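Chain naming follows the written order as A, B, C and D, and within any one chain the residues start at number 1.
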Amino acid sequence: MILPRKSKYYVAAFALLGTLFSLAPLVIQWASYTTPIYAFENSFVIDKFSIILKGLFILITYLTFLLSINFIESDKYYQGEYYYLLLSSLLGALIVSSSRDLLTIFIGIELASTPMFLLSGWKKGDRKSNEGAIKFFLLGVLSASLILYGFSLLYGLSGKLVFSEISSYLLGASLANSPVVLLSAILVISGIGFKISVVPFHSWAPDTYEGAPLPVTAYLSVSSKATGFVALIILLTKVFAGSGSSWGIILVIISGLTMTLGNLVALQQNNPVRLLAYSSISQAGFILAPIAISGITGDYQDGIFASVTYLIIYAFMNLGAFLSVHLFSNYAGSTNFYEWGGAARKSPLAGVLTTIFFFSLAGIPPLGGWFAKFVVFRSLLGSANSIGIALGVVGAINAVIALVYYARISKVIWMDEPKSINEEKIFQFENPLKVVGVFTVLITFVSGIFPGIFSYLGEVSSIFFGN
Amino acid sequence: MVNFKPTVFAEGELVYTDGGILAEYAWLLVVLPFVAALVITFTGKYLPLKGAEVALTTIGIIFLYSAALMYLHITSGVVNEFFINVGSIGVFDIEFGWVVDGLSIMMYFVVGTVALLVFIYATNYMEGEIRYTFFFTSLTLFAGSMLVLVSSPTLIQILIGWELVGVCSYLLIGHYWEKKDNSSAAMKAFITNKIADVGLMIGIIILALNTGTLRISKILYQSTHDYEKLSTVAFVAAILLFVGAMGKSAQFPLHVWLPDAMAGPTPVSALMHAATMVTAGVYLLARMFPFYKAMAPDALDVVMLFGVITLLAAGLIAVVQDDLKKVLAYSTVSQLGYMVAAIGSGAYTAALFHLWTHAFFKALLFLGAGSVIHSVHSNSMLEMGGLRKVMPKTFATFIIGTIALAGLPPFAGFFSKDEILASFNHEGETTFFFIAVLGAFITAFYMTRAVSLTFLGEYRGHGHPHESHNLMTTPLLTLSVFAIASGWVNIPGVYTGFTDWVTTRKNKIVEYHPESFDLFALSSGLLAGLLGIALGYYLYQLQGSAETGDNKIKIQPIWSVLENKYYLDHFYFKFVIDPVKINISKAVDKFNTNVIDRFVNGFGQVASLMGSVVYNNFDQNGIDKLLNMSSTGTDNFGGKVKLLQTGKTQQYLMLFLGGVVTISLLILFIT
Amino acid sequence: MELLTNGMGLSVVVFFPLISAFIITLIPKAQEQLIKRFALVSSLITFVLSAVLLFQFDFSSADKLQLGNKISWIKSINANYEIGIDGISLPLLVLSTFITVLAIIYSIEHLPEPKSPKGFLALILVLETGMNGTFVALDLILFFVFFEIVLLPMYFMIGIWGDKTVRTVSGFKNQIETRLYASIKFFVFTLFGSAFMLLGFLGLYYRGNKTFSIPELIELGTSGAFTGTFATLVFAVLFLGFAVKVPMWPLHTWLPDAHTAAPTVGSVLLAAILLKLGSYGFVRIAIPILPDQAKAWAPAIAILSAIGIIYGSLACLAQTDLKRLIAFSSVGHMGFVMLGIASLTPIGINAAMIGMVAHGVITGLLFFLSGSMAHTYHTRDMGRLGGNMKLLPKTGALLGFTAMASLGLPGLAGFWGEFMALLGAYNPLDGLNITVFRTSMVAGAIGTVLTAGYLLWMLQRVNLGEPSDEWLDKDLHDADVYELSAWIPLVVLTVLIGVFPKLIFGATNDAVIAMLSKAFGG
Amino acid sequence: MIVQPVLVVAAALFSLGIYGILVRRNAVMVLLSIELILNSVNINFILFDTMLADTLMQGQIFTIFIITIAAAEVGIGLAIVLMLFRNRQTANINEFDLMKW
């Protein structure tokens, strides 16, 4: 922000470099990792789990920057502020990933989400953007306040803020299933349910996604969702671990609803962004499923492993999907993907990328998505629990339904007849976007063909519970 | 005064050699035609005679080889079989191979001889016809397939030959496939046979699975030695095999395809009716005879019943035909009825003997008819007549054939038919015996009718008929020699070589074989034949000229004539001949065309109708609709669901808090 | 040769096409000839390699899994890259590489619209990887991945190069292009099946102490590790997954549409190989791992197959569209294959194996022919065709030959599948309901008659008769050298297998017997 | 010391806030209602802090943080509302339904 306007371009470069550099300490930490390091009286921890998630968040932000460059250049937007807000949101996410007490996690969540309120309304002149922003904002604040209320109850009950102490106190006093704890659990779940946009707290997502600038939408649907999930995982497993049986059931219902409803509505969409919004809602349902079941079975480690694996793969393929939507809607100048007929002929590369991302979302081997879905099914059936199996069946059916609308996009761009109006348009595929595309596609493929790389997550999540 | 002696060949007592090199290389008989077919297909167009020469040489070799085998067999009985394993499946060995014994050698010889002559005949007959080369390809294949069938030591190979014969007949009957009728006739032949083949297939399956082998000799051995193994299924299997035989050997009610098969060129009909196709069924029954005799005597009665029905029904139909080839066709059916009935009555030798003689004189008759048609350019006897003068050779040979068929001594048919009658008589099947005699009478009658309509009287056609080319008449003459002499190989009391030929085989044949003439059967058969000819001659010559023969009887009431002189005749005419000649036979004809034909034709239509019903109402609108409905259904549901998304912020908030409340309530209830 | 036997050879056979497909995508669009040549060569190399493996293969111990290897793949779930072939998979593997070569030869001169050899050939090669992989995979997850890889290329083949005619589909409001409807239908149907199949695999994984290895699971299954409702459910979902692919009645409805819509090569590969994935799955996975369930389900399968046979033939009699008729004929023929499998006897399953190969060869050829005829006449309506023998003698003759082969003419490949399947069905495994199987056998036998009926009918309408006037003035080119060189090998193969079935039985018999004796004892 | 009444007050504030959110049409009013909820939370924290005599004063610290963040959020909220008002001359949140379904 201190830089003069003419040199705004450097801001982008600077932000990119900054994020890259911020990876360095992570690597060092990883290399020099021995045991979890605790700071600020156990309210802040550095363990492999947090390191991995931090790495994920930073990468996502990095890619988002790459996505943003051209968007920002394209119009008179505040650049510095844009990057600044994104970075602060990133900071929030980083905090969440290693926070271990109510205050820190609350600050993290707020820090992560507040900037997004502004970014989602970044297109000042655009009414849709404003509208999305206000909806996002109001629900966001409400959710925050609910979370707070839940926290306050917890504090009142235990007098502690640090998770480990709270949970030990709850267990000691065998209050794990007392109504107050449950109430606070409900409030927390609802509050975070808003961030991860699960039914019935999803309603803001499609509108906000549609209104917000595309890079921001991508970030919303990936990073803040991830943040929300991390927060949820930490809270549920560190604080409410005792009352798993209660919230487990609830989450099962929620995730089942989320998958189904998201899919069914997505079938109806002709706006690619809204389609992705609903698809990401149903994906959230899939991510939620293992946690839910782990609540019932108590095998948190497996549940976390599955969810986080899904989260990571989902993050990259979804970014890729947004990238392709960005490309094609810029090319066709239409937010109705039925008008993209035959666009892939213009740029086969973009076409192939799009196909890969969307079919990966649909979970077709050998693309990453299949392994994500696979681990989820695995932990669902592994529970050997009738509820889990039922949820698995629901998931399987949804996976098939989802195929219909995911395939629809690549059907349009490859199989439909080219629209005459699009003929003379030129297909823009700038280099930064190419970088994003190649990077995400690589990860999508690698995670599909050599899913072995995720195996260490198991060990990681075990450490996560070691303390 | 008639004395019989059982001729029993048990394995031990058989006097036979292994046939040496001649038997070892008998596979040439089977393989050569297929090689030839390939050669003709690829090189035929460039050869001077358009491939005919290849076919002729091949079939010539086959003829010589089979003759050599025959000689060897007559001098020192040959029994041997060879197997080639072409794969094992489970416990089964799938084997091809070739069997060399009396039965098969007799068939080789018949096929070789008839085929050779027919081929020679065809080179001239088919001259200038379209697809000349292809015709010879399929004709060679036809002979080859028949050899596959008769040479087979395993049921699986029998099945293969069986179907190959069917396909070749399909190709040949449909030779002029530009006309839809012809291709339909071809289809009809194929489908009818296929229906029968289902029986054969299942029969084979049952036999194979209950005996654990596909080798015929083993199965027959078990059926004579290991009663329990087969006894339960024997009857069913026997009947099913017979169903297969009914198809190929055109037994009532599956004979309908044979008359239509006349759509093919005449040489094909000759080959098909004399040697190659229709004899297959009889051959199968003969091959499996020990099994029938030992395990399923009841089945034999069924066989006999159908045989008798066939011979009568077909004979009656033949009387009313105006198409020369059709007359012969129905006569074939009826003669096959004789053979099958003979097998049914347990007269193994008699049946094969009739097959043997019939092959020659029926080939002769068909080729004769062919040469007539070739010169008259019409099948209808109403457009013939008076050809005696213009086509002397054809006429002479045709007459020989007719007499042979009618069964007058010393022509071939006489001996074989007499043996069948004798065996009926001996078995005490009085009814069947008399039906058979009646059949003989009818045969003689319609043949006489055919002769008089064709050759006697005045010419009624338009073209200028002429005697056929030597290439066509030579075979006729050759065949007529056989038609006369082929019966002399099995004269009871004089020389019964044929019996020894066909009973010299690996498996015991238990049958009763007349040691000397059964004079009663002989006389009745002879009488019937003579009567038939006499009556025919009477009606179509004495009662008036050939051309108006039929009309006379129909139009001008004969009772007036009889009133003058022959009340008896009048009575006969009034109450016997007219009904039989017009009503009953017409009725049988009607039944044939209207009921059975319609069924077979209708089969396709019904099936396709059902097909369309199933397809349109169930497949497309049933399963698919369900599927599409479900997909659109989900869409619509999604349409409903998305209405939650009103876009009104406050309702979102409401939804949000509503969610919270619901969850709390849920928890309240669940925990 | 050491390289070949330690699993390297198989891996190359599987992945070489994929690599070459990738390379093809790098070749610039302009150099069509280079692309075509490259695709042809690489598919040839694959085929030759598989032929070499054929010689490496030790037929004396065809019941053992050979030339395989096992490398750790996904540690966290103990899924391994485990491959190998035995007598059961060998013929299908070779068939798949072989047919692919022919498909590419055909495509050199006969690319469907819109012509774009790059994409098309690349897709074919990717498809080949999927097919080969499925046949060599010995790990459930690996199997699943390859099983699914097949979907994408076929989806795009149908969708992009498919039939563009617009038709109304019952249940849909507005009209839709055949290719679009068919492609998504194919995709959804198969995915529906396989999604549940995956659940089944996971079930096995957890009951079978956390292994996905098929051989180990077979050991467990035959030692009675999987029982009760669990086993029933697992078999049910496996059945769903495979039966859709076969396809068994009543899950077959995607097939006619897919075949009708697909470009020639597409339907050839679909009929020749893809359908086999399902039946192969039954033989390789479902039956040996869950023998008791297989026994319990066998009657149902037999009945469905019998229905499929009759039903398919009847449906064929109602067709006016040549390709659609052939597609429905596949339903009937695969019905025979499944009937053989259902009998659970060495005879039946051997019959199924040879039936698969035969159907692959014959129906593949039929689709080649019908496709090229549709290309020549610009119609598949049999009402308008006719006199083909006069117009295109070579094609017509081949069509006649193939039809005969397809109706199970003895002495040609198709016969063994049908007859032996009936033979097997007459005496099913001990303890199976004889009545059901014999009834199905009779139904099948009647089916052969119907089959003969519709094929001859097809010949009469297409091949025979006088050509209608609309063709007389047109210059219709008969089969050219590319087409013939793609077709003749299939003809030869048909005759060879027909005359000397040992080509297949020699490989399969021991393996099948071993499999069954392990599964059902004795 | 007295606990229940204060708790009740907090709860009442909370419910008031909810009520306001649901019935008020004006965006600013909705914002205020949310503030009410936050304040009820604050009261809770203070109350519990004193009740438990928390030596670390965690409750009060938390409260301060909440106040800060609330302030920031209100700032953002007002900014958005202003932007909206500039674009479409109304602050009635129920007229913002360009995007639905």
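FYI, contacts are C-beta pairs under 8 Å (C-beta built on N, C-alpha and C of every residue); 3 or more make two chains touch, one makes a residue touch a chain.
A quick note: this is a predicted structure, and the numbers were derived from the prediction, not measured.
**Q** Using CA atoms only, can you tell me which chain is the most central one in this structure?
**A** Closest chain centre to the overall C-alpha centroid: C.
**Q** Taking contacts as defined above, which has more of them, A-B or B-D?
**A** Spelling it out, more C-beta pairs touch across A-B than across the other pair.
**Q** Would you mind pulling out the distance in Å between where the CA atoms of chain A average out and where those of chain B do?
**A** So the centroids are 79 Å from each other.
**Q** How many Å are there between the centre of chain B and the centre of chain D, using C-alpha atoms for each centre?
**A** 100
**Q** Return the distance between the CA-based centres of chain B and chain C, expressed in whole Å.
**A** Result: the chain centres lie 39 Å from each other.
**Q** Would you please write down the residue numbers of chain B that are in contact with two or more other chains?
**A** Chain B, residues with two or more chain partners: 631, 642, 645, 647, 649, 653.
**Q** Would you pick out the residues of chain D that each touch at least 2 other chains?
**A** 21, 93, 96-101
**Q** Can you list the residues of chain A that touch 2 or more other chains?
**A** 134-135, 138, 142, 146, 206-207, 265, 268, 404
**Q** Which two-chain combinations qualify as touching?
**A** A-B, A-C, A-D, B-C, B-D
**Q** Note which residues of chain B are touching chain C in the complex, please.
**A** Listed in rising order, the residues of chain B that touch chain C are 85-92, 94, 156, 159-160, 162-164, 167, 170, 174, 177-178, 180, 183-184, 187, 190-191, 194-195, 197-198, 201-202, 205-206, 208-209, 603-604, 607-608, 610-612, 614-616, 619-621, 623-625, 627-629, 631-632.
**Q** Going by the contact rule set out above, which residues of chain A touch chain C in the complex?
**A** 305, 348, 352, 359, 364-366, 370-371, 374-375, 377-378, 381-382, 384, 392-393, 396-397, 399-400, 403-404, 407, 411, 414-415, 450-452, 454-455, 457-458
**Q** Can you check the complex and tell me which residues of chain A touch chain D?
**A** 102-103, 106-107, 110, 114, 117-118, 121, 124-125, 127-128, 130-135, 137-138, 141-142, 144-146, 148-149, 151-153, 155-156, 159-161, 206-207, 210-211, 265, 268
**Q** Across the complex, what residues on chain C touch chain A?
**A** Spelled out, the residues of chain C in touch with chain A are 25, 72-77, 119, 141, 144-146, 148-149, 151-152, 155-156, 159-160, 179-180, 183-184, 187-188, 191-192, 195-196, 198-199, 202-203, 205-206.
**Q** For the complex, which residues does chain B have touching chain A?
**A** Within the complex, chain B contacts chain A at residues 631, 634-635, 637-639, 641-642, 644-645, 647, 649, 651-653, 655-656, 658-660, 662-664, 666-667, 670-671.
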